[in-house]
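Read from first to last, the chains carry the letters A, B and C; within each, the first residue is number 1.
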Amino acid sequence: MSNSTENLPKELFEPVSTDHMNNEVIAKPQLSFAKDAWLRVRKNKGAIISAVILLFIFIMAIIGPYLSQYDPYAQDVTKANLPPKIPVIENLGIFDGTQDINGEKSDIYKNKNVQEYYWFGTDSLGRDLFSRVWLGTRVSLYIALLAALIDMIIGVAYGLVSGFKGGRVDNVMQRILEIISGIPNLIVVILMLLILKPGIMSITIAMVITGWIGMARVVRGQVLKLKDQEYILASKTLGARNIRLLIKHLLPNLSGVIIINTMFTIPSAIFFEAFLSFIGIGLQAPEASLGTLIEDGYQTFQFLPHLMIIPCIVICIILISFNLIGDGIRDAFDPKMRD
Amino acid sequence: MAKYLTQRIIYMIITLFIIASLTFFLMKFLPGTPFQNEEKLTEEQRIILDEKYGLDDPLPVQYANYMINIAKGDLGVSFQYDNQPVSSLLLKRIGPSLTLGFQAMFIGTIIGIMLGVLAALFQNTWIDYGSTFLAVLGKSIPSFVFAALLQYYIGVKLEWLPVASWNGFSYSIMPTIALAIFPIATAARFMRTELIEVFSSDYITLAKAKGNSRTEVAIKHAIRNALIPLITVLGPMAVSLMTGSMVIEQIFSIPGIGEQFVKSIQTNDFPIIMGTTIFFAFLLVVIILIVDILYGIIDPRIRLAGGDKHE
Amino acid sequence: MGKKILEVNDLHISFHTFAGEVQAIRGVDFDLYEGETLAIVGESGSGKSVTTKSIMKLLPKHNSEIKSGKIIFQDKDIVQATEKQMQKIRGKDISMIFQDPMTSLNPTMTIGKQIMEPLIKHGNFKKSEARKQTLKLLDLVGIPKPKIRIKQYPHQFSGGMRQRVVIAIALACAPKILIADEPTTALDVTIQGQILELMKDLQQQIETSIIFITHDLGVVANVADRVAVMYGGKIVEVGTVDEIFYNPQHPYTWGLISSMPSLDGMDDELYVIPGSPPDLLKPPKGDAFAPRNRYAMQIDLEKEPPMFKVSDTHYAATWLLHPNAPKVEPPQNIQDRMQKFSKGAY
């Protein structure tokens, strides 16, 4: 077998000193948890595209109402119920301000003698839908983010204390949680909204009352798992105080579950707000949220479908994007799903 | 098991008690009674009405009466619907709601399981991506948005199915589909994740090592093990169906409990709101209990709690 | 030595991960003879399990790939075999025992059904016959009260008992080759001994060949006829048990043997091989072991060593065996062992 190698030069068989080879170097570079997760998220095209779309929607929610020259609250009955009309694109035969009436196309803008362009059309009171949609998006996102933030704070605090203290405290806190979670959140929210004055704050509060429970559960579970691990024990033996343990060691390791959970509470809050507005106990006119816009549009959608379809599309895009990002992050953080 | 069951039932009763109390006191703080809005009523007539409905008793008395009546199954009488008892109003309307709920749950779970199994079997192929995408859509799109769009395109534009009302099976198709998208999405996602995890377990490798084909492994070994935990999502599914049914029934004008509930919210009909709330809560708590018991019966491991796993 | 039953030739296997292509197996050759036990030893990540899983073609399809090589069993190349053909081989001619008995049984199927499955599949047993045969098998692997046990679920069995069940499944069709992937690692030491005894005993009765994967050299000495040492996706030394234990040639084998705790060397500190296994994402150019080898030569960094013949049964892949290589002194304890070997007094 060694025939082909017999005439190798002798110099090659000089021993080499092993000093220059650092034996303790770890051959494979270790990725930090967050970096590893990021590498995985980055591979998930759906999540990245969703993030870009969401960013765009966030920007539009901030600047959108100012892009159009019309006040979202200004009513002008002479310009009511106009279909969408967008310059340039109108030449393609869509968004050209025409509408099918009894099978015939007629230019509503011409009929009503309107010179301006309303990109998304107007509602029955002549308000500009474009600025109202982005205003509504702003309100919906605001409510959802606020609710998710409060859920997160309460849930994390409750879960941390419950899991970390353990024993009797944990037992009592768990029983309380069990009972609260037995109450269907929909019912609590509806009851709360019946007594609170409808508005952004009351909707947020109503949703938070039961919303934090999921987070509390997940955080407690994770704390229980982490608590017994060596490094926490090591830190304890070294005399670290509880507060320090919580902040330095537990919180960073909880970040994964907290982020994932929040990514799923945001869309469910958006859905809930829309749902409440749709059954008529959410925000009240003239305030706009995606839910109230859909509800308004639904009243007349057989004749003016754009009033409902446009806010529907926006809310669907937001919800799908959040869910895809949530999935992406969850898969990235969850080592069980690795392949 | 018996101890566990007793404990669960006690919690159930506490939960229901809290919900009933909460409902009662919240309703008492509500601004406005249905009679305040009636301009034509004189002060005298209003007092008579208040007396008739027991609205002038001291709060503790009202509360005690209310709780005793609930325990007896009496949920009071409606303000709006000609003094009919709430319980009989609920009973009258439960038919369409249950039909719709069961159809959606049944169809949704079965389609969801099939989608999830396909996605897991053909992991990382277009079948998987398609099924996963459908599941994300189903989870993301609010059922009322989907229902309204269905109604517009299939009912109004294409005229394939009746737009609204409740007059036989064909009337239930669209609302069932609209309600089913969430169960489909939930079951599909759950099944896929669960199956993929099962497929990576040692006992599946062993099943393959015995000479089983892919299909045999999936049917004999994997799907059964993945199906068992699916029972746990039936509870949340039922919650979402109840939420969904309110708007879906409203959109399709279905004479169910949800539609009546929404209407009574809009007309301040307290007894119906309170009665329906308690009824929904009762239903949910019972469903969740049944699901837990079912899980214990089906999974042979549950009896021996916590067999430790080695990694 | 009996007839050759399995032949693995120049096998290359890669895994496609998101970090890149991991060359887990980089040219593995070995033969298996009838009735023998071949132990494959190495650190975790050396490619032991991958090699054996490839023999049954059980590697995950979506991220692994047999790049080249042959696995000849009964004059057929398993690498080229279709899934259908493999299904006839698996469980009948080649079967497998896994590391962790706690996870290798289906939790929702009775023990009896799980053992009967291969019998009905390959043995053309009717259901009632299969049941009888299953009772016999349970008895054979030392499970008391088989009539009751046959109806029970895995969670009602202890770890050792479960491993006996797994062995019963594996041996149900009297396979020609049994692959045991660290079958005792997850068990208590006392149970370990029992399981090893059982396997030796059954091997004699059924006359099967065993490929025994382990990282525990103590177990190897106990069960194996021949030993193959794997490192970095390659076999670096192969020989009979005596040759490997008393006349090892590869510095890695020296390290492995030195790091084995021994009863007579109580005062010695336990030897540790410095460094860590190579990154198979970027396999080194020369000898994969060179960075951890204190006998490394210039050539080790440039060229992979071929297999040098030591005896008819003993080969090792190290440049130290090249005629031009300087003579090196193995560690003291290895020299002691070699001395015993040359005297024939081991």
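We adopt the following convention: a residue touches a chain if its C-beta (ideal position, glycine included) is under 8 Å from a C-beta of that chain, and two chains touch if they have at least 3 such contacts.
Composition by chain, UniProt nomenclature: A, B = ABC transporter permease; C = ABC transporter ATP-binding protein.
Every value quoted in this text rests on a predicted model; they were computed, and no experiment measured them.
A.B. asks: Which chain has its C-alpha centroid farthest away from the centroid of chain B?
C.D. replies: Most remote chain from chain B, centroid-wise, comes out as C.
A.B. asks: Select the chain whose centre, defined as the mean of its C-alpha atoms, is least distant from the mean of all protein C-alpha atoms.
C.D. replies: That would be chain A.
A.B. asks: Taking each chain's centre as the mean position of its Cα atoms, how many Å separate chain A from chain B?
C.D. replies: Measuring from centre to centre gives 24 Å for this pair.
A.B. asks: Return the distance between the CA-based centres of chain B and chain C, expressed in whole Å.
C.D. replies: So the centre of chain B lies 54 Å away from the centre of chain C.
A.B. asks: How many angstrom lie between the centres of chain A and chain C, each centre taken as the mean Cα position?
C.D. replies: Inter-chain centre distance comes to 49 Å.
A.B. asks: Please set out, as single numbers or ranges, the residues of chain C touching at least two other chains.
C.D. replies: Within chain C, residues 62 contact more than one other chain.
A.B. asks: Which positions in chain B touch two or more other chains at once?
C.D. replies: none
A.B. asks: So in the complex, the part of chain C that touches chain B is made up of which residues?
C.D. replies: Of all residues in chain C, those touching chain B are 56, 58, 62, 83-84, 87-92, 95-96, 98-100, 102-109, 117-118, 121-122, 153, 155-156, 166, 169-170, 186.
A.B. asks: Where on chain C does chain A make contact in their complex?
C.D. replies: 18, 60, 62-63, 274-279, 281, 290-303, 306-309, 315, 319, 321-326
A.B. asks: Where on chain A is chain B touching in the complex?
C.D. replies: Counting only chain A, the residues touching chain B are 178-179, 182-188, 190-192, 194-195, 267, 271, 274-275, 278-281, 294, 298, 301-302, 305, 308-309, 312, 315-316, 319-320, 322-324, 327, 336-337.
A.B. asks: Spell out the part of chain B that touches chain A in their complex, as residue ranges.
C.D. replies: 11-12, 14-15, 18-19, 22-23, 26-27, 29-31, 136-137, 139-142, 144-145, 148-149, 152, 156, 193, 196-197, 239, 242-243, 246-247, 250-251, 262, 265-266, 273, 277, 280-281, 284-285, 288
A.B. asks: Where on chain B is chain C touching in the complex?
C.D. replies: 123-124, 201-203, 205-214, 220-221, 224-225, 228, 299-301, 304, 307-310
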